[in-house]
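Two complexes, one shared chain (chain A), two partners (chain B, chain C).
So, the complex of A and B:
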């Protein structure tokens, strides 16, 4: 891993740029809390739009997945607007609890891609297998920003409390959706796909427009989901995929159908989605691969007909 | 005057239309090529239907459109029902074959499978956004081989030894095909191999993990290809029903749906004489810069779409500026 270029202690109020992409949707609260407790400001990049995708695609190598391209677009849009841009490196949370390689590489990719700018990047390194849990990673990051170990630890603990609370509320709200009337469609997708305003959100918006209740599978009791996922597949090793699989296992009886949504060409999803289709029978599944093509016609046809089939099944078409 | 319903299915390759009466009997039907001009072909289609249609006895009270140009042509004809082609096909087929269990469909760009139980669709799958193994793939390979795609089936049946062709991806299939041609494989074996490849590609992609039960109905433009039908029969080991009106099923289905709906609007054939124009404009009100398609009838905007949000909404009735 590259060492951060600009790591001298700072006295004035610092501004941290946060790309609104990838793990932002998972760690928004933790990050914002941590930095605000330390007295730093946060700037979040704009919701994804066509310009961001374009500039990210230009910055990325061809083979990168759509989400990586989008991410680099967000990073680029923050350059010059903040003291640091936060790009964590998250490798794993333990054995068989890996993150996609992308999350190990993003910091280095971004530093390399934008090396000709004077932008400084900030990272923290979570790698439990190498004895580097989140708490330790956050303390190191705080120290790098010029705070004491104690200040950083307190800020982390406080921020974590806020995160736990927010997750609990989010989970409660999400669970209540399963009790709602109407066709319930489980959206099996990473939050950075499903929540992205350009690629995933139009899908859930369209499903709502069709009068259905889309429910995010990734909002789930994570511990419980991990346990369940091990029963479905003992060898599955990606943390985020395991949460999704566990969530399906928990909710399958409460839903009418599933939409598997993946961004092209996502490595883990290409295997996990196939597995889901084979292991969970009995509920209609729509498998969607999103790319940056503009035409939504093919997509809308698929969603519309999928909902029709679900209604058909209920005899209400 | 008896009620009649019009259904139009405007696909990427062909345009189909039917007029049915209240008992789902076909009063008029036609099947023509879209030739990259959905509005023109829809007009032409209406002309053909008008000739077959008995205006003295029947009146068209509801109109449905389906297929990939359903919005465009729907705006043109003032459709009372605009429905996606999958639903339309399912409705059409289950009406004609109430005991069907599996509907296989391969069209110009799409392929899908619909599983039916007690006349109700219970599960389905569709190709991802890739045209491998669909009608357009067969047409482009026919062009390469210098034969008409309509002759494909007959040529394929002549083969006793179909060539193995990898059809997982159109691009790879094409290079594999060229290689096999250059190796000296006879044309009929290659064509039979292509038909088999379409089937195995279909069963391994769209049909993967699905239990295919008989009776099986095969439809969509590719069902007209007896080579592919024979390959399905061999692969599935059961009889395959290909309805003589299978290619009209989408239009038939959407006509039924238009009839079932409570919306009524008398259709008259005068749209044939009106001038329709489309124009695309870029919104430019935010970085998304959506492409908006505007449809004008005799110079007046009747519909528009393509905008991701309300900022790009254009007022109906706006005059076309020249």
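So, the complex of A and C:
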């Protein structure tokens, strides 16, 4: 992690709690860098485990999606362990570049759910349509933490540089997977599903165990993916889904099959997965909906038979 | 016929009449009234839809099939701020995959915020549309929507207390028929005046302090009587004044989101979703005006409405007001709903006596 040489030491070190869920997987580098440059400490919650899901489910509305439940579990596990818990509100990055409404509401959901605790929450608001770009949002957040505008801006710029760098490396590593030998399976899922140690990770791990190469679809040149998705589905408006659709469009010829993985009942995925199945014909697709059931045997059977189909199709079975 | 289309918009409560008036008089297209939705509509829609998409997707898809069956050759679909914004494209894809042939005008494709793009969409319905005429009729249509909403509000406030059973229903039905056949703004105005007079003359038997219930919820399910199994009527019939702030007038034409947000700032810092602020504001408003209960209506899986539930919990706790949460999916049964409503009614009426 980068160290800031010029900044004055903060009088009392602030600790920021970051839930290891939802957008953590997308903004990990940006957040950690930003706070460490400002001289604040970060506490990241534990990888998702049964305890976290259980306490999150108890705190959340029954009908909320699994990811919300997991998120609230992470928030709960951080309560009392830090000065602030970071929960951004990200609405959109422009026209037809929306986030799921969940990300608009997450901060207020957490505040309302945990209002009986004395925990303080920290937020920043990205809403480009309402003239609130990310930079402005981060400056405001910095000011709220007691830093000057200049300090916050510098920290943001520095952190953003680090993020771009890390994205580039990540992308390079991911692209090389497409050239690997073996069955290549594109994992079409939001990063907070695919990377979650309790729900998504077991799937990719199992696919690896079966000797295939699972590749994350969401690691992609984002700008290019947005352009491609507009061609495939012009009115698709969720940024994360557009990246996935663009990524499929880009890589469809380099892969053997796709696994669509979504958490029950994900709003955007309920429609986008259907559209993907209807638009991209010719490659085998496995559509998995994850919930917080414990048994993995059923899932494993489905994955095994899917891989068998791919092998059969490729003539290697 | 000169490129003039036979247009339908999926059935959506009394706004069907407003669409008809606008399409026929403003755009100059023919409007095919969507047939009254039935269980068959829901059934067919559900079968063709993805599993866990929200229920309005299924009903509107079913309604589109009904419209095509009724003779429409063009479907007009709205844009939207939540999943609704993606309805159109996926529904078109599903219908085309099934083999239906039709024109599809999806407002989402034109939602750039610029007026000329919306006009482009309308010109597809009638290439020779006069923009000036359309704008004029649009203003009349907005007025019509306001009147329809107001008529409905009057209806649900009073229909539970009529002396002669069915007199309110007759009045509003007569009004809707007059609106459906009207071709000028003056006729609309006259019809509304007549309705108001007729409705005000209906004899009521209302106690001094009747039970009052406020309805909040998801835009389509809360408003559309078919989608919510006529929940407002059922409540009213027990002898309740039913209020609903949420409608097209308040959410679309006279929406002052920022101001509502100021008044709900103790519960939420941001706008949480398309109808979240208006619903939270309305719920708080009902609660602080000593209503007896709140009913929250949504379809299964409606993300924005699920998200405001923690806020409603808190409002309920702070103002000591009971909230009934109703979730509708394609299998909700009428009897189950009736039982829950009766229990809710019993509870709030007992509470009123005690307090």
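Everything below uses one rule, namely that the second predicted complex is superposed on the first by the 306 of 317 C-alpha atoms of A that agree within 3 Å, B and C clash if a C-alpha of one lies under 4 Å from a C-alpha of the other, contacts with A are read in each partner's own complex, and residues count from 1 in each chain.
Rule of thumb we're sticking to: a residue touches a chain if its C-beta (ideal position, glycine included) is under 8 Å from a C-beta of that chain, and two chains touch if they have at least 3 such contacts.
Only a predicted model underlies this, so the values are computations on that prediction, with no experimental measurement involved.
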Room on chain A for both chain B and chain C (clash or fit): fit
Contacts of A:107 with chain B and chain C, given as first, second, both or neither: second
Partner chain(s) touched by A:213 [first = chain B, second = chain C, both, neither]: neither
Inter-centroid angle chain B-chain A-chain C after superposition on A [Cα, multiple of 10°]: 80
Partner chain in contact with A:22 - chain B first, chain C second, else both or neither: neither
Chain B versus chain C as contact partner of A:305, first or second or both or neither: first
Partner chain(s) touched by A:198 [first = chain B, second = chain C, both, neither]: first
Which superposed partner A:278 touches (first chain B, second chain C, both, neither): both
Which of chain B and chain C A:261 touches, first, second, both or neither: neither
Contacts of A:82 with chain B and chain C, given as first, second, both or neither: neither
Superposed arrangement (fit on chain A Cα atoms) - minimum chain B/chain C Cα distance in Å: 5
Chain B/chain C common contact set on chain A: 278, 289
Touching residues on chain C, where the partner in the complex is chain A: 50-54, 57, 81-83, 85-86, 88-90, 93-94, 97, 106, 108-109, 111-113, 267-274, 276, 300-301, 303-304, 306-311, 313-314, 327
Sites on chain A touched by chain C in the complex: 61, 63-65, 89, 91, 95, 100-102, 104-105, 107-109, 111-113, 115, 123, 125, 233-237, 264-265, 267-268, 270-275, 278-279, 289
Chain A-facing residues of chain B, complex: 68, 83-87, 90, 110, 114, 120-126, 128-129, 208-209, 286-289, 291, 308
Residue ranges of chain A touching chain B (in the complex, touch as defined): 49-52, 198, 202, 277-278, 281, 284-289, 291, 293-294, 297-302, 304-306, 308-309, 312-313, 315, 317
